[in-house]
Every structure is written in C-alpha cells, then in structure tokens.
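Next up, some structures in structure tokens.
Okay, so subunit A shows up in both of these, paired with subunit B first and subunit C after.
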Partner chain A sequence: MFEARLVQGNLLKKVLESLKDLLTEASWDCADTGIQLQAMDNSHVSLVSVQLRADGFDKFRCDRQLSMGMNLTSMSKILRCAANDDIITIKAQDQADNVTFVFESPNQEKVADYEMKLMNLDQEHLGIPETDYAAVIKLPAAEFQRIIKDLSQFGESVVISCTKEGVKFSAAGDIGVGNIKLAQTASVDKEEEAVTIEMQEPVTLTFACRYLNMFTKATCLAPQVTLSMSPEVPLVVEYKIGDMGHVRYYLAPKIEDEDN
Partner chain B sequence: MCGRTCCTLSPEVMPFACTTLTGSKTPIWREAPDGGKYFPANNIPPSRYTPVLWRTGSNPRDLTLQPMLWGFIPPWHRGEVPTKHGLTTNNARLEGLGESKLYKAALSQNRRCVVVADGFYEWKKLDGSGSKQPYLVYAPQENGPIESCPDIQLVDGWSAATGWTGPRPLFMAGIYSIWENAVGQEVFSYSIITRESNEVFNWLHHRVPAILSNPKEVDQWLDPELKGDEALKVLIPLIKTQLTWHPVSPDVGNVRNQSPGLQKPVPLDVKGKAKDTKSGSASLMSNWLKKAAKPNKDEPDTKKSKP
Partner chain C sequence: MGIQGLSKLIADVAPAAIKENEIKNYFGRKVAIDASMSLYQFLIAVRSEGAQLTTADGETTSHLMGTFYRTIRMVENGIKPVYVFDGKPPTMKSGELEKRGEKRAEAEAALEKAKELGNQDEVDKQSRRLVKVGKSHVEDCKELLKFMGIPFVSAPCEAEAQCAELVKSGKVYAVGTEDMDALTFGTKVLLRHLTFSEARKMPIKEFYYDQVLEGFNMTQDQFIDLCILLGCDYCDKIKGVGPKNAIKLVQDHKSIEEIIKHLDGKKFSPPENWLFSEARRLFKEPEVTPASEIDLKWEKPDEEGLVKYMCEQKGFAEDRIRNGAKKLLKARQGSTQGRLDGFFKVLPSTPKAGTNKRKSEETKVGSGKKTKTPTGKGFRR
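Showing the complex of A and B:
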C-alpha cells in the first residue's frame, strides 16, 4: 500500500508544471524515505531529478518500494483539477495498475478522486556523479526567469560566465547582442532577493535557451534558484520544493564550433 | 583552407589502401624517427602525426608511408618544442610557393609529399545567421559515402586478385620539412598545399587542397627528377571527378569530440544546417552520467511488476 497526503497540495501542482514541458512520461520511485523522479528529456541533453522527502508529507506510507510509471501530461491534467488550497492524497496498491489522486477542499465539503492508469516504463536508473562545482550562484528565481526570457529574444543560446565580480548572462543573434550583469549583493536585507556567488575559479559556459526557459517553469516553486557550474560538466539549476525536497535540472553545455 | 582531417585507417591497412593511387606499388610503413605516433581518428587537427607518402630513393618503388607532424616546422626554428614557432603552417599557398621564405628551401630540395587521409573537413558559411555547416570532403567512392572506420581490417579490403576495394583515401599534395630537435632526432613535418578554388568547390570554400587523383600524377609529384616550379605544374586545377562530400554533424567543430560516427552524413534543414541529431551536448551528458557509480539495486522489487 502506498499513500501520501500533502496538505499544501499546490506544491505538487507546481512540481508538475515544472516538469511537463520537458518530460512526457516518467517513473515516480516510491520508498519509505519519500518519492523520487529522475528522467532525461527526449534529446538526452538535460536531466531532471525531483525529490520529495517522506517527512515533508502530512501522512506518508509506503509498505513496499514501487515505481509508478506515469504519463506526465495526463498527470498534469488531473492535478489541474485540484484547487490551489486543496489537500492532495496519492494512493496506490502494491501491485496496482492504477494510481488514485484525491483532492479535498480545506473545509472537507468537496472531495474529488481521479484514477489514472500507470504505465510500464522500463527506465534505467541513472546515477548522478558527485561533482565539485567551480561556481555556485544563488539568485532570485524570478530574476533568473526574466533574464533567460529576455535573452532568448537574441539568440538560441546564452553564455553564462561567472567571475569573482559577478555573473554575466549574454546572448547574440541577428538583432544584436544582449548582456546582463549581476553583481553580488553587498548587504543582504532580504535573503530571498540576494545574489550570492561562491567561486573556486571563473567559469564560462554556453547553454541552449530553449531548455533554460523550460527549467524556469519551476520559478513558482521557490524564491531562489541555485546555478552550479564547472567546465565541461552539466549545469545544475536547483529549485527547493518548500522544505520537503527539490527539483534539479541538469543541462549539458553547448559544444561550440571552434573552427574559423 | 584545410585544417581538420579524418584519417581512420590503421597503419597495417593504410599502405594497401594507398595502392589505389600509387599504381601497384605498396608503400613501406615506417615509424617517425622522433617517435611521433599516428593514431587513427575521425577529427584530426594540425600538430598531430598523420600518414604521409614520400619517396626515399630514386626508384619509383621507394615509397614510404610515415607519420609526420601536421604543421611545417620552419627550418630556422630553434627551441625545445617543435610546434612553438608562432606560425600557422598547416597550409601552404600554391601561389608563390617558390618565393615563399618558409617553403622555398623545401621546394628546391624536392621535399614534396602526399598527405593521405580519408578526407578533410570544410565549413560552409551559411548566409545571414553567421553559423557554419561542416562537410567531409573526400575522394569519390565506388558506392555512396565513404565508409571510414578504424576497424577495417586488411582482409576486409584487400585481396591479391582485386587489390584494395575498401575506402579510397584522398591524396593531397604536401610539402615537408626535416627539422632536428634538441636530442638530434629528425622531426618530419608537413603542410598541405592549397590553391584558389574554382566553380567545383567555391560554393563551400574559396581555397581547396591540391588533389592528386591518379597514379601518374602521384608518380610525377614525387619524382625527384622534376624540380621546383616544374613539379608544381603537376598540380592541375580542381576537377569535378576529384572530390565528393557530404554534410556532417557540427560537433566536428570541436576537436575534443572524437565520437564514432562524427564523419557520417547527416541530413540538412532548409537553411543548410545539420538537423539536430544526437548532439555534442547529449554525448557530454551521457559521458558525465557514466562517471557515476552504478546505483545500488539492493531491493529486487523496485520495479513494479505488471500482472
């Protein structure tokens, strides 16, 4: 028997919104420690890793480990039927073909349940290598979303370069060039609005805007986003899910044409 | 311009593949005196050792195939590092070669050679976008695109009756230098001779290597009796039957990319750009993920068993 109840049901709604553009289907791996999802997008350029810890749920029961393959488009359709203040419960039997989503209104006057067929996804479980990052940048999630959206107008890719002075995002294309520089916040009044940089060595990497734009769908999850970069290693874009877990996106840098 | 080649045949096979253009003469493989090794690869930049054909004696049969350093070392160069001369010498312009300070001594010493490869890469500038699309350029093959592959064994392409039937290598005219390094070893290095391209090739690039496409031309080009500027007359302007090409993945632009299949044809979109196939980014991602230790599969029933 698997059952997970989340009073703050809109967290789950937001998680799905942040995944459904990148992934069409994926497996949710459930264990007594919580729920995990790890999947690559179709082009195998990016990887998404979601963790929802058991202690973050208001009730969590998982008698046996199970892996629930779901069509994320369908799951997102169902979760859209939940109101923002609904309490969401996910239920499945140990050997089930179906998963059930129960949405309860806060005053318990309305209860809806939706059943969805599970899919048999034979996905290999990917290990993520331990990596020391040369630069870790924290910035307001909304700021990051805005930067990527603005620079996407200029070109297909954005260059992120981090030095001890700050972080610079640039894009170039037919209409011209765009550069956005963020300096480290000098005095932190509100932690959520701060830009902080921890850097071992300067890094400059190029990424496809298309993916970064999809990642910023998770902006609604957290006030801050963390970017971790090292040369020749995928970028990590991390959003916290309340205090119960995270969504991490990994994106391989573009390998640019060196020839001239 | 020619600054990147694809050369995948092994040293065991290469001398036999060369017979397609040397008449029946099979060159002798000789290692470089300075120990520079040739490693077959599909993305080779200057400063690597690649096979070069040259005449070691007066007999036309004295053909040697030897790894030489790509990037002609100027005769006046002194120093520990053979490549640290500050000049770009991977190509030598045919126009004015005899007057070139860099190359005229080598030309008068008849240091002409043939650079052997599966083919070379050239980048076509695409209108407007400022981006480029690479092509692999090679000798026309019996059927279809060149089947470059480091795994080709001698038995796959050679029999005494038919000769070499595997991929036909491309022969490019070159000029070489013999330079003595600090420990007294001879370092052979070369430059590929290029010329203004013509209507056959200028849609792709305005320069093109001088191609040798039959045994007679190869023989004359390597003939020590033929001197200086006379020898250069062997190099005829490019003709249509000498070269063919196909678009390849833009990943070849980065020399760090050595993935198999890089030299294979890819489809183009309407703008003349390679359509997104498995990109360099995707292979970077998969290589990175391989670094991770395999996750523990301690519980046998992690997968939901479907009734």
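Showing the complex of A and C:
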C-alpha cells in the first residue's frame, strides 16, 4: 500500500498549480524513495520533472513501486478543496483503481476525503543526460516571472544571452524591441534577492514565451529560480519545493531553419 | 479506393497505432501530401451553394481555392508541405479504374434522373460523385504551387508509393492522405484529415506503421498480404472473407499461398486468375523516383506572380491573394521551435527500469522502514 502525509499540504497545491497549464494528465511514480513525475506537453517541446523525496513527508510508506496515472485537471480541482494550512495525505492500494486524498485541518476538527479514479497512461519517458551547463543563472523567481511577462508583449520568443557582464533578455516584434539586462548582485544582503551567474562560456539561445510563461506558474513555490543553459541544448528552469524536492522544466530552443 | 476497412481494423486490433493530435503540434514537420487525393477533396468540398467555384468563363477554380488556403493553413502552423502528384496508373489498376468508370456512369444516370425529378439534394450528391480530377486541374495546381514557393514531386506512377518513398528515406516526416494504402506501401507515419477545412475542427489522426505491425503481430510482407485480402485497387479478393477472417487467416498461415492451400473450399473460393502476387510486387517494389534524386526546397512566395496568375487569369480577389502571400512570407520568418525528442532519447517503455535507475541514484530511504522490493524486473541492477 501507498501512503504519504504532508503537513505542509500547501506545497502540493502549489506543485499542481505549476503543472496543470502544461499537462492535462500524467503518471506519478511512487517508490520507497519518494514520488516522481516526468511528462512532456502534447507538442513535445517542453518537459516537466517533479521530485518529492520521501524524507520530506511526515509519513511515507510505499510497499511496492506503483505508477498512478492521474487527470491533473481533476487532481487540481480536488486539491483546491484543501485549505492552505491543511495536512494532506495521499493513499492508494497496491493494485488500486482509485487514489484517496485526505485533508485534515490543523486542529484536527475537520477531515475531508476525496477519492479519484486513476487512469491507465502509456507515457514515454525520456532519458535526460547529466549535463554540465555552460551558464547557470540564479535570480529571484518573481523577477523572472515579471521579465517573461513583460517581454511576451513584444514577441513570441525571447532571446536569453548570458555573458560575463550579466544576463540579457530580449524580444522583438511588431511594436518594437524590448531588452532587460540583469547584472550580478555586488553585495548579497538577502540571498533570496540575489542574481548570481556561474559561467564557463557565453551562451545565447531563443525560447518561446508561451512555454516560459507556463513555467513561471511555479513562482509561488520558491523565492529563487535557476536557469541552466548550454549552446544548442534545452534550457532547464528549476524551482525548489521547500527542502523536499524540485520542479524542473526543460524547454527545447528555437533553431534556425536550414532549408528555407 | 485504398484498402477496404483497414482503418477500422487498426482501430479495433491495434488501437495503440492511432493517435489524435492538433495541427499546431506539427510545426517544423515536413509532410508529403497526396495531391490527387487533396484535389478530389477540394473539387468535392470547396463549393458554394452546391456548385463548384468557377471563373466568369465557367472554368473550375475550387481546386485552386482549396490548394491555396489549405496550404497556407499548413504553412501558418509551421508545417512544410510537399505535394506529390500521380503519374500514370499501373496497368494492374485498370480493373479498378473500369469499375470506377461504371460507377461514374451510374452516377451520371442518377444525376439526370434527379434533375428531372427536381431533387436538389440528390443532384448535389450525384454531381459530387461525378467529380474527376483532370490534367488541367493538376497543371493549374502545379503552377499555383510554384508561385507559392511550395515544392512538388511528379511521381512516375502512384503518388502514395512516392510519398511512402519520401518518408522511408527520411526526406519528410509523414504522409498526409486519406488513402490507407499509403500504409501498405510502408509509410511510417500517415496523417489523416490534414487538408480538411479548419471549420470542421477535425483533429488529425496519426497512424504509425510500426505499431500497426506490432499490434497485428505481422511482418511487412504479411501486412501486404492482409491488405490484398481486405481488398486493394490492384486485384480481387476472396469473396466472403471479411476483415476479422482475413487477419486470422494471415496470422495462422502467414502468406496468401498457404491460405489458399488451407482454404475451406466449400465456403470460400479464391478468384480465378488471381493476380495477388503481382499486386504484392506492386506494393513491395512500386515504380518511384528514388528519394536521393529529389531535392526539396521551400522558396519565398512570388507575390506578384501569384496575383498575376490567380487574379488576372483565374479571377480571384486581389486583396485576398496578397493577404495569403503575406501569411506565407511571415511564416518563413523567424526560427523553428525544436522538440525535446531531438535532444533526449526516449527510454524503453518498461516503467520498472525507470524507477530502478532512480533508486540507485538515491540511497536515502525516508520511511526508515525496510520496504519490499518488487519481484521480477526490479532486480535488474
């Protein structure tokens, strides 16, 4: 049987908010080490990978590995029924057709449980090689969200270029051009507001705003976001989930067309 | 046309081989379009009050309208189409063509009758059955595509076979046709409904050849034999053998030769002078231009040329044509969105292998409880 109890139920609510625009359904793979999810969006341009480690839960039991296919829209509906300070428990039998979500109020006076049908999903898993990225940029998550939102007004894609001086986001379109430059923070008073860049070589890549905007739905999860880039490989956008795991988004870059 | 009942049979027996997708998810894909098929579609479907669109002189323009707008729709969605036109039909098809001729005659008679009776619905229906793609239609379209900057290929023989050749060589990703025999020719990915009107909101249906073979549990040769048994354009089939029977016969006996030997003579008899082995050869080694000799280039649209051809000669409205040319030009700008499958490899679909890998990466066990490892594949590492 499978049972996972999370006192900070809020985290799970936020994780779902960060997924449901990109994916309509996905499999949660449960093992004794924790819960994982990996899925691509329909167009195979982006991929989400979620990890929730077992040690982050207050109680975690998984006797057999199991894969629970869920409709994320339905799951999100259920999780919206939980209050922000509720304790959430997820339960399923080994060969279950259903999963149960239990929401307890902190004072234990209210207990709600919701049952949802599981789906049989046949999803492709991708092997993501370990990569040393040429540039790793850390910046406040809210700042990143704002930048993408602002630049989306100018064009369909945003160019991210990282040099020694800092990182530049630009977009061009019918109404004109927009550029936002961020320099590394000189003195770090508050770690959460710092911009840090670790760079081996300068990188410039182009990405679709539409996807970046969907990624920034995870802004509520963490104060900082990490962008990892290397020439001609997908971008990684990572948000930590408390100290129990992460949501990672991978996005294929836009490439120049060779046979036009 | 095509293979009788094949799509239904795939849906029943190998549902995993069919996927539905939206047109916008095909950005960056090169697709070979079976031009004759789409021309028929346009001549039948692109109509105004039941009649084909024509110029002032009564020259049909439905096919141009269809080719122009539906091509733009594909290009706007990032698809790179290449049209493949039919050459001369193989001699084996003469029997089928004769039958189609008879059907036309029937339709013609029915049309006359409907006209006499004044039944408008029936007149529409029968006149649609009478549609025939002629040489001039094909020439018109080639001319139009040239101005649009869209490449086309003139096949020496069957267009579906040429499309399959382009897919097999990797020149294009898929074939867009309604005709299922493209699959018999070995097309890896077949797309249906690609050239349908946007207004119909029809999702695109993908058929995957490899998954079809896997689901049917057949080799390529056996699949061709199955298609012949289902009924193809090149020869007759065994009377009374339906799809369910056909698939069972091929699975049991592996080839038409063996099937004939084991056939229940009382119930079924193979057609006289059955040319199945010739039909088989046509599917296996069709007359095509090798893909290596074909160079596909998507050029800039020639706006002035388009206006001259479409407006001056064919009587289309100039602003619409110019608008279309702008759309074609705009779609060429900018870069193409990449796909993750181009960067990351798809793992074999054994879910246990995936979870196992994770296990080895992390040794921490949160529950502190000794958990049972599942038996079977779980011990692979």
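By definition in this document, the second predicted complex is superposed on the first by the 256 of 260 C-alpha atoms of A that agree within 3 Å, B and C clash if a C-alpha of one lies under 4 Å from a C-alpha of the other, contacts with A are read in each partner's own complex, and residues count from 1 in each chain.
Here is the rule we go by: a contact is a pair of C-beta atoms (placed from the backbone, for glycine too) under 8 Å apart; a residue touches a chain by one contact, two chains touch by 3 or more.
As the structure is a computational prediction, the values presented were derived from the model and not from experiment.
Asks: With everything superposed onto subunit A, say whether subunit B and subunit C fit together or clash.
Replies: The answer is clash.
Asks: Now for A:Asp174: first (subunit B), second (subunit C), both, or neither, which partner does it touch?
Replies: Touch status of A:Asp174: first partner only.
Asks: Output check: A:Gly69 vs subunit B and subunit C. Expected answer is one of first, second, both, neither. What do you get?
Replies: First partner only, subunit B.
Asks: Can A:Gln95 be said to touch subunit B (first), subunit C (second), both, or neither?
Replies: Only subunit B is touched by A:Gln95; subunit C is not.
Asks: With both complexes superposed on chain A, which partner does A:Gly56 reach: first (subunit B), second (subunit C), both or neither?
Replies: Once the two structures are laid over each other on A, A:Gly56 reaches subunit C alone.
Asks: Is A:Asp32 touching the first partner subunit B, the second partner subunit C, both, or neither of them?
Replies: A:Asp32 contacts subunit C only, not subunit B.
Asks: According to the stated criteria, A:Asn42 is in contact with first (subunit B), second (subunit C), both, or neither; which is it?
Replies: After superposing on A, A:Asn42 lies in contact with subunit C but is clear of subunit B.
Asks: By the touch definition at the top of the document, which applies to A:Leu11: first (subunit B), second (subunit C), both, or neither?
Replies: neither
Asks: Which holds for A:Leu118: it touches subunit B only (first), subunit C only (second), both, or neither?
Replies: In the superposition, A:Leu118 touches subunit B alone.
Asks: Just to be sure I read the superposition right, which of the two partners does A:Ile128 touch: subunit B = first, subunit C = second, or both, or neither?
Replies: In the superposed model, A:Ile128 contacts both subunit B and subunit C.
Asks: After the overlay on chain A, which stretch of subunit C ends up in the same space as subunit B: 182-190, 200-208, 326-334 or 362-370?
Replies: 326-334
Asks: Identify the overlap between the subunit B-contacting and the subunit C-contacting residues of subunit A.
Replies: 29, 40, 43-47, 64-65, 67, 125-129, 208, 233-234, 250, 252-257, 259
Asks: Once bound in the complex, which stretches of subunit A touch subunit B?
Replies: Interface residues on subunit A, with respect to subunit B: 29, 40, 43-47, 64-69, 95-97, 118, 120, 125-130, 174, 208, 232-234, 250-259.
Asks: Spell out the part of subunit C that touches subunit A in their complex, as residue ranges.
Replies: Against subunit A, subunit C makes touches at 16, 21-22, 24-25, 27, 80, 296-298, 332, 334-347, 349, 351-352, 354-355, 358-359, 362, 364-367, 369, 371-372, 374, 378.
Asks: In the complex of these two chains, what residues of subunit B are touching subunit A?
Replies: 3-4, 121, 123, 128-129, 131-132, 134, 250-251, 253-257, 276, 278-282, 284-286, 288-289, 291-295, 297, 299, 301-307
Asks: Quick one: which bits of subunit A touch subunit C in the complex? Just the residue numbers, please.
Replies: On the subunit A side, the touching residues are 29, 31-34, 36, 40, 42-47, 53-57, 59-65, 67, 122, 124-129, 156-157, 206, 208, 233-234, 250, 252-257, 259-260.
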